[in-house]
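Alright, structures below, take your time with them.
Each of the next two complexes has chain A plus one other chain: chain B in the first, chain C in the second.
Let's look at the complex of A and B:
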């Protein structure tokens, strides 16, 4: 096989990786701050696609629709945190599983009631392609890659350059001490959860032009988000980014060389990491 | 021809026509198929006011949740329409029909649980539905235990009828939908007529994908020894980004694509394949060497509309424009009037399942499972999809469904099919152990001419 084919396949895989990164970024961030393993993250992802769809139908501007859609999901997330999630911070982890799993069912049925059960599509955005290594790289791959990098930058700036980010880092590393210093945990946990939901919504909205909005669309991607998060180390944003790159490359090269095994490769990678370093690549033991 | 309005009279005529059709079908089936059968089941005189049961209950299990939840809705439209028609015209021997819908969640264990609950708690007399190949294999195994008939309306694996019904002898299971013979064998008949010699596959990574691709390769290499199979991609269900699969396939320079992707995955795949130039790579003079057996699924047509390129070869387990019979036209019209959508293939199979149950009870005047099995074996039924012969050995309903090329027609809200190509069913429902087929063509013609 030519080197060019492999390089091209890696670029294509980079788009897949960025897709996984976008979805897992919010999941791992929320867990890092609030210690809530949010199974409803996939439901927020789905809501992002539907909100974006509706805003797009009204405004006919995809980028604006995307941000408004994600913002709405953020608000839904904040509402969930204030009314439900905040009740279980002190309870054992299985309460989180039951509660967030319940949210998935509720949101899926709500989506069915509002938008119907038939999947919906918007007109293709970012149509066209650019030549690369003698092949054609579709614009949508390029746009997913750029969006992934943009989100990584956004998170970096939010967490290291803003006062909110400073507070978040403080309450993450030592909640008791942070509270003693007068930080408001209610506000920080709510906004952290909101930001996580916003990222999930952004993920759903970003995939809308290349696929469709469907009830339960988050079910499959959330599994990959968990694989990425666990490999990277639960709560580690850097870990999620690196591990998404690994999974994207593994899956993409797998499709080229061992198509019959491609679907199993991410799970094999996960098993390997769990055996060698159970806390994940960047996780704390 | 845009659908006309349908009034109550048409509705009654239609219902009557279907009834007559089934009688004729059943009658012909018995007289022609099995000469040794002496007694043609006649309609017994209706016992004065004595009902078999106050309500005949049918359990309908399909996928109602998750990304493939549309498929349950598509099935429900068919079975509910049939139920409403039957109840409006007096029910089954005076008994009302009631359908209880349950969600399989596309999981075998869940569907098995639902079967037990429907029979034991709801008191259902029949089970219909089941969407996925993986699910149906599990469900079939428990049917003898609950001692009820299962009419499969969608799941397509040939292992159901070949292994579980024929070899293992699970007689309670019948399938009214075309199995993977349509997706693999019949698809190869179409592929053989196209100039492409290098074929590649993009399939969902589960039973259905593997079965279809295997039958396709086997049949096509017999029909066209000059073809080769150059690449295959196995995508997980729920793939959001198909580009790694598409680019790995394109690397092998295929001239034809065989894909059994369906539902949301199909929408994503078609959109991304278009942008990556996969369609252009398989273009030939008369269209695209692109064979997508379940491509003419109503959900795909409604979602993709004109984005699905003209000239691609697609089919279904029924397509609403075929056959051009009065019964089919009436069904399509009734479905459009009731739901505002063209019928999906699983809508037709579900509709037929409910009417078949009605016919079965009227013929036998009983709810006895063994009597029903004997009656159904080698029966011919006349349905919107045409005449169906229920093959005795494997309980598979044998009928033909054409392939056609996508055509964007401004007179219709969804793409239509042109250049329809049908192969007589007995030509391709012949995977071992059914290499030899009874001469069905003559019978088929007779049934159709009575329509």
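Let's look at the complex of A and C:
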């Protein structure tokens, strides 16, 4: 019985982990390529939820709405990169944080202007549950786990099997050399940013079935994305995946054994990792 | 210096106008001025970007509110305890975070302040959760509280000024400019940064305690990371290299916010656009513009 409870809790933890992974994958990817730590990633997440919502209301097909929504967020991301972010690549880190914070403020108010301040939900999707270990697992958990794995696969294929991925890896590991070989940094940085925003938008759209879209929804999730990214090593995609798994497991087991401490556990994990290995699990020193 | 004394002296007159709202707003401005100046000890003078100063601000505000309303501590004792807690927080966070630099330092401070936010939201019995704590006594009528805050803020700012202009402050600026060199001359980087953290966190705590008394309420808003972003942005708008930069832009920030919210719900949008403009076009901040203007006047005169 006890063992079953642990196993069940681990599955729940896996679902949490996959949600964290989906949100932090784009953040760490964008940082790895462009060296910009994008606070507005949370705003893209929020936009993803709202775009998906609107497409769903028109098309009544959740999966199509999800992809169209994320694609739109990707376009918004590319637009931001071309007009604003590209101006600040050479500036110190605090200018980047503050500029992307400004973007959050702007996007949140834009969302309020267009969709209003009241949280919005879509009609039920992925409801129901399946029996597992004598308890019931919500369908949504299963679906978010599958989505997380799908995104990991998508990133793997994009980065290691396409020509674009090859170019991205080249410009990440040695920008000067890559440019000498004739790669176009403007195009690559813009598309990298677009891909990161696309992933954030996907994350926002994916959470719609269980949580409503609200103007402040990105502000809290971005903190978890930061924790996951820093633990995994800034810029490391593999690191983000593994640290999301760690955080998910720590959180779910913590909720079982030390419920009063549960909320602090991700932060304790963060301090522990940073004390032992300041650059993160897979980070470069 | 002349200008500062003039501003302080003229602000002595504000309560005499008898306008309660103006009085409340100007007290708030003074408190946020101290928040920004204390933050800038770490940012402008030590080159460390903290994204978690809401921890020190709300740490002292909550300590004061809890001690006074739940445990019936005398107000003055609660005030002092709040500041002491902020000092302890800043040492604890400093020990854990100061070995990191730039982005990692920002992230670690952010994480710890959000940990505190999480506790505040969840520990309902003590902190009141999302509703916060109401009914904190102010001890003084607003009229006198204004003078009290003004005195505390001016004295604290003067202390901070002496601190950053002392030898210690010079070493901190040296560390900001070139860490290795300062290390070679035999100074412990970690120790000096911890001093800066302590001064910055403690005086942030002073402003937090004043805030709790002014509003007579504490809510989780002041412990959320978006409240940590306030001094970061205000300092960048004002110009971090100038001691008064953060103070000047706090004034602008509160007054402009007050005016804009009268006309539109979307003041965040306008503020966001202003941030973009500062980062893209006026990186020296307001004081940078003023200094350039004075420079060009001097050159023109020659």
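Criterion: the second predicted complex is superposed on the first by the 284 of 285 C-alpha atoms of A that agree within 3 Å, B and C clash if a C-alpha of one lies under 4 Å from a C-alpha of the other, contacts with A are read in each partner's own complex, and residues count from 1 in each chain.
Following the convention adopted for this analysis, a residue touches a chain if its C-beta (ideal position, glycine included) is under 8 Å from a C-beta of that chain, and two chains touch if they have at least 3 such contacts.
Here the structure is a predicted model, which is why all the values come from computation and not from measurement.
Trainee: Sharing chain A, do chain B and chain C clash or fit in the superposition?
Mentor: With chain A aligned, chain B runs into chain C, so clash.
Trainee: A:278 in the overlay: touching chain B, chain C, both, or neither? Say first, second, both or neither.
Mentor: So A:278 only meets chain C here.
Trainee: Using the touch definition from the top, say if A:16 reaches chain B (first), chain C (second), both or neither.
Mentor: First partner only.
Trainee: A:211 in the overlay: touching chain B, chain C, both, or neither? Say first, second, both or neither.
Mentor: The first partner, chain B, only.
Trainee: Could you tell me if A:93 is touching chain B, chain C, both of them or neither one (first, second, both, neither)?
Mentor: In the superposed model, A:93 contacts chain C only, not chain B.
Trainee: In the superposed arrangement, which partner chain does A:84 touch: chain B (first), chain C (second), both, or neither?
Mentor: second
Trainee: Looking at A:110, would you say it contacts chain B, chain C, both, or neither? Reply first, second, both or neither.
Mentor: In the superposition, A:110 contacts chain C only.
Trainee: Between chain B and chain C, whom does A:198 touch in the aligned arrangement: first, second, both, or neither?
Mentor: A:198 contacts neither chain B nor chain C.
Trainee: Considering only touches as defined above, state whether A:219 meets chain B (first), chain C (second), both or neither.
Mentor: Both: A:219 reaches chain B and chain C.
Trainee: Which partner does A:101 contact after superposing on A: first (chain B), second (chain C), both, neither?
Mentor: The answer is second: A:101 touches chain C but not chain B.
Trainee: Have a look at 6-14, 24-32 or 114-122 and say which bit of chain B overlaps chain C after the superposition.
Mentor: 114-122
Trainee: Chain A residues touched by both chain B and chain C?
Mentor: Residues 108, 112, 219, 263, which sit in both footprints.
Trainee: Can you check the complex and tell me which residues of chain A touch chain C?
Mentor: Spelled out, the residues of chain A in touch with chain C are 37, 84, 87-88, 91, 93-95, 97-99, 101-106, 108-110, 112-113, 219, 223, 226-227, 230, 234, 263-264, 267, 270-271, 274-275, 278-279.
Trainee: Across the complex, what residues on chain C touch chain A?
Mentor: Residue positions touching the partner: 43, 49, 51, 96, 99-100, 102-104, 106-108, 110-112, 114-115, 118-119, 122, 224-226, 229, 232-233, 236, 265-266, 268-269, 271-276, 279-280, 283.
Trainee: Which residues, counting only chain A, touch chain B once they are in their complex?
Mentor: 1, 5, 8-9, 12-13, 15-16, 19, 108, 112, 117-121, 124, 127-129, 135-136, 138-141, 144, 207, 210-212, 214-217, 219-221, 251-252, 255-256, 259-260, 262-263
Trainee: Show me the residue ranges of chain B that touch chain A in the complex, using the header's touch definition.
Mentor: It is residues 64-70, 72-73, 205, 231-241, 243-245, 247-248, 250-251, 263-264, 267-268, 271-272, 274-277, 299, 302-304, 307 of chain B that touch chain A.
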